[in-house]
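You will see chain A twice below: alongside chain B first, and alongside chain C after that.
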Partner chain A sequence: MADVVLKDVTKIFDKEIYAVKDFNIEISDGEFVVLVGPSGCGKSTVLRMIAGLEEVTQGDIYIGDKIVNNIAPKERDIAMVFQNYALYPHMNVFDNISFGLKLRKVDSKEIEKRVNDAAEILGINHLMQRKPKALSGGERQRVALGRSIVRQPKVFLFDEPLSNLDAKLRVELRTEISKLHNRLKTTMIYVTHDQVEAMTLGEKIIIMRDGVIQQKGTPVDVYDNPVNKFVAGFIGSPSMNFITGQVEDTQGLLFNRGSLSFPINSGAEDKLKEFVGKDIIFGIRPEDISISGKEKGIPMVVEILEMMGNEIYLHLAIDQNTLIARVPPDTKVEEGQKVKIIFNFPKAHYFDPDSQIRI
Partner chain B sequence: MVIFKKTVFYTILFAAALTFLYPFIWMILATFKPEIEITEITLLPSVFTLRSYELVFNKIPIIRSFLNSLFVSVTATASVLFFSSMVGYSLSRLQFRGRELIFGVILLTMMIPAQITLIPMYILMVKLDLTNTYRALIFPASISAFGILLFRQYFKAFPQEIIDAARIDGAGEFTILYRIIWPNSIPTLITVGIITFMGIWNDVLWPLIVIRKENLMTMPQMVTLFSVGGRAEAQLGAILAAATLLAVPVMLIYLFFQKYFIRSMATSGLKN
Partner chain C sequence: MNRKLSLMGYLMSAPYIIYFIIFSAFPIFFSFFLIFHRWNIVGPMKWVGLANFNMMFSDPLFWTSIYNTIIFLLIHIPLQVVVALVLAEVLNQKIKARAFFRAAFFMPVVVSGVVVTILWKQLYSTDTGLLNNLLMAIGFGKVEWLTSTAMAMPSIALMATWKNVGLYMILFLAGLQSVPAYMYEAADIDGATTLQKFRYITIPAINPVIIMVLILSTIGGFSLFIEPYVMTGGGPLNSTLSTVLYIYRQGFSFYKMGYAATLGFMLAAIIFVVVLIQRKLIEQDD
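And now, the complex of A and B:
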């Protein structure tokens, strides 16, 4: 059990590749934190630095109240689960799970007990004598989880542990990891590029891009109040719609983008005043677009209709502009139909096109 | 048509195999012939006799030399596997300054013909007072650039995540190499092992230079001296018998490990 703190951590590969830049996070004891970002943004590098597998170029990493920069991985008291399972191919499941304990000279009765407990929790008792080759992906990842549990580490690190599994197993093991956290109450740091995983698992999520933290916060917070266009677009599926247009002042503010023009009436008028005559990016989530039953609304055409069962994704278009809307499954629309749409303005976001920051 | 093609193919293969095998088969059969029959054209002996072998065993301590060879080859091979894999591991998996330079130097040593270093090596052995010892045979052969090269290539393809997992589990570099990587590199170990073993087993020149005492001589050295020296009494049968005895262990080893040998030549990586 321990806090994990990263202070101004920077990692430079080969003297010029900035994989991680001025990274500052404080993870308190027992917290479940998810690092999320697109491929190559430096998530694994952060995790590997915490694990001690990668040296820190600048800054300090604390586990508990100790600086661990120069401490070997095995002395950091962490456990890590990898994307490719990383089981020892020549050992059976029992030996795989107990290897770390044997190296640490834990008493063999104690090893037996801990391995059995872990196997119980993960439902892998019947696999003990098998080699990894004879296991399915899901079983392998369970074994890898078991290997980390029995060590009873201060911190768990997960590097995209579910990416190699099929969708159904992914959901199943995601729940399992959640339960594990509830049971063990140990600090867990979880890396993924899948924003759904991040939203469902994390108590706190940290969104990264190109080695830099974009935003930290609870899932709801980053969803509702994204700090910039990147976060707004990255979190949520389908992603937020963005339209670039000009702000005009004609008896109240108007967003002008040819045929997709509308008055801005959301209480954001004050903030947008200074953008009059300038470009601005309007952002609206698919679920904040609805089909108007009346004459009111912006006219658009339904190009594609995707029936998801519990909801419908509508790909709407007018001239060059396209939007995706998420509407209830009983909405009466067809492909090619002309519809009028209405935005839920209080939930709309506006971004400065230069800095990409939310206004 | 297919059958015809196959027939031609196998006929050619068979002919090729025969040209390689014939002299060998002839040699083995000749050792069981009476001396006067050896130069005749027939393949099979008219009477089966062990005279030639008797002569070999009576004239030279061939068993002792076999044991010497076995001891030297096994020790040196074990040492090559141990040390070369160690170097191969550090050159492929550890980060340190000058790594590529060291590797370059090791490669360079492979390009120097052994004849050039022969005399300096001999002088070194004399200076170290190692002539006429097993150590003179073992030490110079106890690490090999070829082994390092092969291990380095193979270890490069070993999954990094498994090494990372072991490191987090608490394994040091030696544990990682010998308890995690070795058990997953058996074909490579066998390949390096066989090539090294055969190289040392078959070497004649070096033992001739550093060993004079008969009870320390290796088998090829003994057989060579026996064949060219006067002790075979110009008996071709005895010379062939000695040569057969020399070849048999190597062949047995090769046949036994052939499966792995080919497998490691065919695969170069380890998948999860």
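And now, the complex of A and C:
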């Protein structure tokens, strides 16, 4: 159990490629933190630096109160779960799980006990004598989880552990990992490109792009108050709709984008006044668009209707503008139908088109 | 259409089939036929039944040649496997001039065996050889590399290792490169030292290559011929008389073709049994 702190950590590959830049986080003991971002954003590099598999170019990494920059992975008291499981193919499940303990010369009775306990938790007791190739993907990842649990490390590191699994197993193991954290209360750092995993697992999520932290916060906070357009678009599925238009002042502010124009009445008027006559990006999440039953609203056409069962995704269009709306499954609409839509303005966001920062 | 196609197929494979019939199938059948005959190439064949076998079992020189070959294998194979594996491991690291060293160690493999042997004969020469000059320069006495019965076979084994190690190094190198990096990373985190990673990750992962190298070098070792033929002629005192050299002499010096064929079959049987035992011992069940 330990805090993990990264101070101004930078990783440069080949003397010029910044994989990670001035990375600062403080993860408190027992916290579950998710690093999320598109592929190539440096999130795995951060994790690998914490693990000691990658050298730190600049800055310091602390585990507990010790700087671990120059400490070998095995001395860091961490455990890591890899995307491709990284099980030892020639060892059976028991040997895979107990390998780290054997190397650390743990007493064989103790090994047996810990392996059995872990197997119990993960439901893999019956697989002990099998080789990895006789296991399914889900079972392999459970074994890999078992291998990290028995070590009782200070910190767990997960490098996209669910990416190679099918959708159903992913959900199953996701809850498994959540339960594991509740039970063990150990610091966990989890890397994923899947924003759903980030939202559901993390107590704190850190969104990265091009090696730089964009935002850190609780999932709800990041979802409701994204700092910039990137975060707003990355978190949430289907992602937020963005429309670029001009702010005009005609007896109150107006967002003008030809046929998709509307008065701005979200309480954001004060902040938007300085943008009068300039471009601005309007952002609205799909669930904050609804179909108006009355005459009021912006006219659009339903181009495509995606029935998800529990909800409907409507692809709406007018002229060159398209939006995706998420509406209840009992909404009476058809493809090709003309509808009027209403925005939930208090939930709308506005972004500066130059800096991309939320206004 | 179909007939045309199959004709085309036979035509395409004809060169190999013809080669195989002339140089493999026919000699095998013909020598099997010879086992039961006495024949000096020019005269008529004479049926002798199992007389060649009787001769073989009471021929001390044949068993000496088997013994010599086994001595050769016992030195050559472990040396070869260990040196090849160490070289492969070193040349799998990120070291300078890696490509140069890989090519340099492979070079002897493609050089003619006769050329290599003549070269080493000079290196090994007791009075004028480079090796002994070097030993004397640093204060040691002369070694009778090829002229003492104790040293001759080990000297040949050493040379054979130098000649072939590049090939096995390349095989090991291919094996090492197929071990995924994440396995070593997982072992790093599990707490394995460099040696433990080699023992628990590398060796099991390249086990199939180790088996292949062992079998190939066993078969290759049993057919030891050029080295003693060119270097020592089987001497001193038959201490480097290899089985194949002995078979060659029976056939082409004494023209006992039937007897030579019998010894050849015996050698093939021995190789078969040895390789079978090797596989049983080393192969992992999985």
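Assume the second predicted complex is superposed on the first by the 359 of 359 C-alpha atoms of A that agree within 3 Å, B and C clash if a C-alpha of one lies under 4 Å from a C-alpha of the other, contacts with A are read in each partner's own complex, and residues count from 1 in each chain.
As a working rule, a residue touches a chain if its C-beta (ideal position, glycine included) is under 8 Å from a C-beta of that chain, and two chains touch if they have at least 3 such contacts.
Everything numeric here is computed off the predicted structure, so don't read it as measured data.
Chemist: Determine, for the superposed arrangement built on chain A, whether chain B and chain C clash or fit.
Modeler: Aligned on chain A, chain B and chain C clash with each other.
Chemist: What is the contact status of A:63 with respect to chain B (first) and chain C (second): first, second, both, or neither?
Modeler: Touch partners of A:63: none, neither chain B nor chain C.
Chemist: Of the two partner chains, chain B (first) and chain C (second), which one does A:97 touch, if any: first, second, both, or neither?
Modeler: Touch partners of A:97: none, neither chain B nor chain C.
Chemist: With the two structures laid over each other on chain A, which partner does A:143 touch: chain B (first), chain C (second), both, or neither?
Modeler: A:143 contacts neither chain B nor chain C.
Chemist: Quick one: classify A:78 as touching chain B (first), chain C (second), both or neither.
Modeler: In the superposition, A:78 contacts both chain B and chain C.
Chemist: Applying the document's definition of touch, where does A:131 land relative to chain B and chain C: first, second, both, or neither?
Modeler: The answer is second: A:131 touches chain C but not chain B.
Chemist: Indicate the residue numbers of chain A shared between its chain B interface and its chain C interface, in ascending order.
Modeler: 51-53, 72-74, 78-80, 82, 84, 86-90, 99-100, 103-104, 147, 151
Chemist: Taking the complex as given, what residues does chain A use to touch chain B?
Modeler: Residues of chain A touching chain B: 48, 51-53, 72-74, 78-80, 82-90, 99-100, 103-104, 132, 144, 147, 151.
Chemist: Of all residues in chain B, which touch chain A in the complex?
Modeler: 159, 161-162, 164-172, 175, 180, 183-184, 270, 272
Chemist: Quick check on the complex: what are the chain C residues that touch chain A?
Modeler: Of all residues in chain C, those touching chain A are 180, 182-183, 185-192, 196, 200-201, 204-205, 207, 284, 286.
Chemist: Using the touch definition from the top, list the residues of chain A that touch chain C in their complex.
Modeler: 51-53, 72-74, 78-80, 82, 84, 86-91, 99-100, 103-104, 131, 147, 151
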